[in-house]
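Both of the next two complexes hold chain A, though its partner changes from chain B to chain C.
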Partner chain A sequence: MRGSFLQVSTEHRGLVFDPRTKLLLLITMSTFVLGGIAGEKLSFLLPCFCVLPFVLLLTARKYKTAALYFILYTGSYLLNLLATPHLTGFPAFLVLGCAGILTRFMPSMMLAVYVVSSMTVSEFTAAMQRLHLSEKIIIPMSVMFRFFPTVADEFSSINAAMKMRGIAFGGKNAGKMLEYRLIPLMTCTVKIGDELSAAALTRGLGGTVKRTNVCKIGFHAQDVIAILFCAGCFGFLILDVAGVL
Partner chain B sequence: MIEIQNASFRYANSDSGVLDEITLHIKGGECVLLCGKSGCGKTTFTRLINGLIPHYYEGEMSGNVTVSGLDVTKTELYETARLVGSVFQNPRSQFFCVDTTSEIAFGCENLGLPVSEVESRIQKSANELDMVELLGRNIFKLSGGEKQKVACASVSAVQPEVFVLDEPTSNLDIDAIEDLKRTLLLWKSQGKTIIIAEHRLYWLKEICDRVIYMDKGKISFDISMCDFTAFSDEKIRSLGLRTLCSDHLRIAAKIPVAETMELQNYHFSYQQKDALCIDSLALPVGGVIAVIGHNGAGKSTFSRCLCGLEKKFKGKVSFDGVQYTRKTMLKKCYMVMQDVNHQLFCESVEDEVCLGMDEDNEKDVSGILSGLGLAELSERHPMSLSGGQKQRVAIASAILAGKEILIFDEPTSGLDFEHMEQTARLLSSFAGRKTLFVITHDPELIVRCCTHILHLEEGTVLEQYPLTNENKARFTGFFKV
Partner chain C sequence: MKTEKLKGKDLINVGIFSAIYFVIIMAIAMLGYIPIMMPLLCVIGPVLCGIPFMLFMTKVKKFGMILIMSIIMGIMMMLTGMGWYALVVGAVSGLIAELIYRGGKYASSKLAIVSYGVFSTWMWGNFLPLFFNPDGYFSTRQSFGQEYIESLTNLMPMWMCPTLLVTCFVFGVVGGLLGKALLKKHFKKAGIA
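This part shows the complex of A and B:
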């Protein structure tokens, strides 16, 4: 199927979390795994974090993405564990670098994939409104969400056009691949953006009245568990920094 | 209802689409058709009513526009939005949300209506437009016709007094146009005022009461639909307008084609869903083949498979005793896409057409460019050209790359009579030399340039016949014109 994994299908949404919970999970994940803020004493939290995106992707029926994540993560973890003691010099540096980057980035990236692919634009705006953010921030961000699938659509058309012109890796124009892709992509997205803004304005976006939102969001049991988990992690962190642990 | 007095407008940094001293009164409940050649100012006129001019598009503006007592030129757009609802040409760029229900809710949410009211309005417009089954779906997976239905429903939910439609059918098939017609009749029966700018006219005969023809930014005539339908075919053509009725479709004489190519094992499916199911099919080499069928009949899958763009596709094509696989077809075919912007990559027209060129063709560059009327444009940036010129650049690059099969995806959507005829002449000029496939919903284009009809439905070939006067009834029957 053409298109992107960022398209939300309302049928298979998996374990339904409140959008705010998802954002909190994402922040916690980036702080601990990507930011590497957890010290020696908190390293017991890391496995939980790494399993989390896998489980969530499974509940959202993104089996392929989940499997890919599992293979890449365990692969690079094992490589790091088994190969590094036997390697020296440049190969060691290379393996350590690649495996290190993958193990650090993958969990947060996969969680982000889950969050974006399971949240609709209106859920996102509703959550942001509940957090009392300004419309000036919410509207551009929701347009951005709307734009991912558009860009993906445009991109696949451009790819098809490039194939028919024989522009591919290994061809004589391989060096210009990026340029050839970006020029039409930019022209098309700018045009779409322009039309999109005009359409949104004729439908009353940006008025002075407070927008309502029909999307029902709210906290459930699963949200409470997730929030407690995040709070626990940050709690440990504070205790650790304070030197209590 | 709508009062326009001495309105003039000129876009900043552009000479096209100017309006010159327009004065007009439209009564409540009237349904007005705006027609005219491309660039006559139809779209600009619609923007005057929904307030995008002067609030969004910048330029010099003078005169007054009032809608139901509200001065649109001085009112903020979100106030005008309560009174005037707009449906645009391109369904992919008028959606703010990713799923249909939130999209229909969007306009009402902006008005700050209470949640229960918004929900009942969603249900009401979905029922009225007969699209309940489309609620809760991903907009990116809908067909063009379904998207336009969602666009209508989302405008309808706001319950404005005036509806403005700017070329709403350019991406629609015949059935989707019928649906749109029903929607318009519903709005009309509710006493709404409708203003519609359109190239295709035949479907509006029973809807519009009044026809305004524009030329170079001025209203050249403003008459009732009855008087307009009495116009002779020659007069309609001399005005640069599309036909009103099928009796005027005359099939042009065609070059006979003898050789055939054989398509084998054309089967393809997306995620277990069969999209294409053709065991074998013989097609004329050197013919101009119109590929027709409803939205979702498999026309685009067919063309993507033919071009070799689908990686998992196993079908083969044989002609002249040689069998071509997917990869070799990729070298032989070129598709001119509906949005030709996707396939122009370079900084000048000359670079563009030389990219991926066969080395033997080097001498022919200037000949082919001048043959397509591009010789003076060879230094220009492709993106700065008009739509028709871009299309010709794409064709020139395909010819120079030695492509033998050209596929055109909706080459005339949104074109006026003159430009459609130009495209038809261009396509006919390749007959006998290249094999052309034209995916189209435009019967006027087909009678002018196509030699054969390939009618697809549900992924299979429903029928296939040469386009002659004897076969005309089969063809016009499909287009219901």
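This part shows the complex of A and C:
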């Protein structure tokens, strides 16, 4: 379980974007697709946003994830398109609910997967420092991103262990499901956290001096394109709000 | 001790507990696609998250840790497309929660429970667009189908707005009590809390 797909390897990374560009893409994506600020007039932007994670995953050489995304997205989109006129009542509710959620969340989720899986913690820290954010926000945020894969990993292991003891849906101890999962999860994450802070302290985190960072981050041609794309989207939005379009 | 500055270890603790808290919140939020569960999120969320949060409270000894966690939750909500409401509400409720817990010199378990109740109200921020901008909110959720929108509108009349705020607080306190009980049962023995 150790080499989970969210973990970053620094080799074979393909096209590398600046972490700040990735965050900007993420924010743009969530504003337009999840937040759905784009109204009727801007709906022509939505296909671009749906293709974006696919392209980015390809540039990062995550072919499997990209293919999975493609299949799931087109599948649910077609389902939505073909099944909607024929269904009413509860089945419609169910189908539309599932397909709607998938088409709505998949693009942003996949972009998030791309961002987390292609950005190392030190790159993230370097980018945040360039943005002159306070250490008080940077450290917890970077620990958090580093921790999501760990939490998921530990949880699936605990899940397997508890299933063996019969503490699961349909098992004889279903009532204890919650307690017997959350408590071990927290116990081991706290232990891991203690180790992590010891490791971070030996690396000089929380010292009085300014820390240096060896990551080379900077804007390149690909970043410029991505930033122009985001700026264009927000530009359209402003024009739309102002009533020009 | 009280006014000491935050150190690396404290900030790492904030990060770890934010991660656990956020994972649980996201898992619960997925239930929101069943319309009847939407208002119940204000019940389930605070209760379940009470367990990690009460453990977090035992690590809080300096000013700012609760506030930072609250702000991070707001930022994460913004990144996941819930809008900026939770960030604003979270900054205020986090500060109040911080001041309440500080009133007991970061040691009183009763104040910790009240403080968690106040902290929980940031979730209420996620519901604000439903009341103040329903047209905009639902225009983004057309893909969920008309039935979803109708049932949700019926579930969320205007009087639900203050009710949800109170619900968050009350069930935050319940979650705090639950967390406290489990803390006593498990973590004291293990020497973690």
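Quick note on the criterion: the second predicted complex is superposed on the first by the 204 of 245 C-alpha atoms of A that agree within 3 Å, B and C clash if a C-alpha of one lies under 4 Å from a C-alpha of the other, contacts with A are read in each partner's own complex, and residues count from 1 in each chain.
Operating definition for what follows: contacts are C-beta pairs under 8 Å (C-beta built on N, C-alpha and C of every residue); 3 or more make two chains touch, one makes a residue touch a chain.
Quick caveat: nothing in here was measured; it's all calculated off a predicted structure.
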May I ask you to decide whether A:L205 touches chain B, chain C, both, or neither, giving the answer as first, second, both or neither?
both
Scan A:N80 for contacts with chain B and chain C and give back first, second, both or neither.
second
Identify the partner contact of A:V190: answer first if only chain B is touched, second if only chain C is, both if each is, neither if none is.
second
Can A:Y180 be said to touch chain B (first), chain C (second), both, or neither?
first
With the two complexes superposed on chain A, say which partner A:I167 touches: chain B (first), chain C (second), both, or neither.
first
Contacts for A:N213 in the overlay, against chain B (first) and chain C (second): which applies, first, second, both or neither?
first
Considering only touches as defined above, state whether A:I71 meets chain B (first), chain C (second), both or neither.
neither
Let me check the overlay on chain A: which residues of chain A are in contact with chain B and also with chain C?
142-143, 146, 150, 179, 183, 187, 192, 196-197, 200-201, 205-207
For the complex, which residues does chain C have touching chain A?
6-9, 11-16, 18-20, 22-24, 33, 48, 51-52, 55, 64, 68-69, 71-72, 75, 78-83, 139-141, 143-145, 147-148, 182, 186-187, 190, 192
Of all residues in chain B, those that touch chain A in their complex
50-52, 55-57, 76-82, 84-86, 88, 90, 92-99, 101-102, 105-115, 118-119, 122, 136-138, 140-141, 154-155, 158, 270-271, 304, 307-309, 330-331, 333-335, 337, 339, 341-346, 355-356, 383, 397, 401
Touching residues of chain A toward chain C in the complex: what are they?
26-27, 30-31, 33-37, 39, 80, 92-93, 96-97, 99-101, 103-104, 108, 112, 135-137, 139-144, 146-148, 150-152, 155, 178-179, 182-183, 185-187, 189-190, 192-193, 196-197, 200-201, 205-207
In the complex formed with chain B, which residues of chain A make contact?
1, 3, 7-10, 120-122, 142-143, 145-146, 149-150, 153-154, 157-158, 160-167, 173, 179-180, 183-184, 187-188, 191-192, 195-215
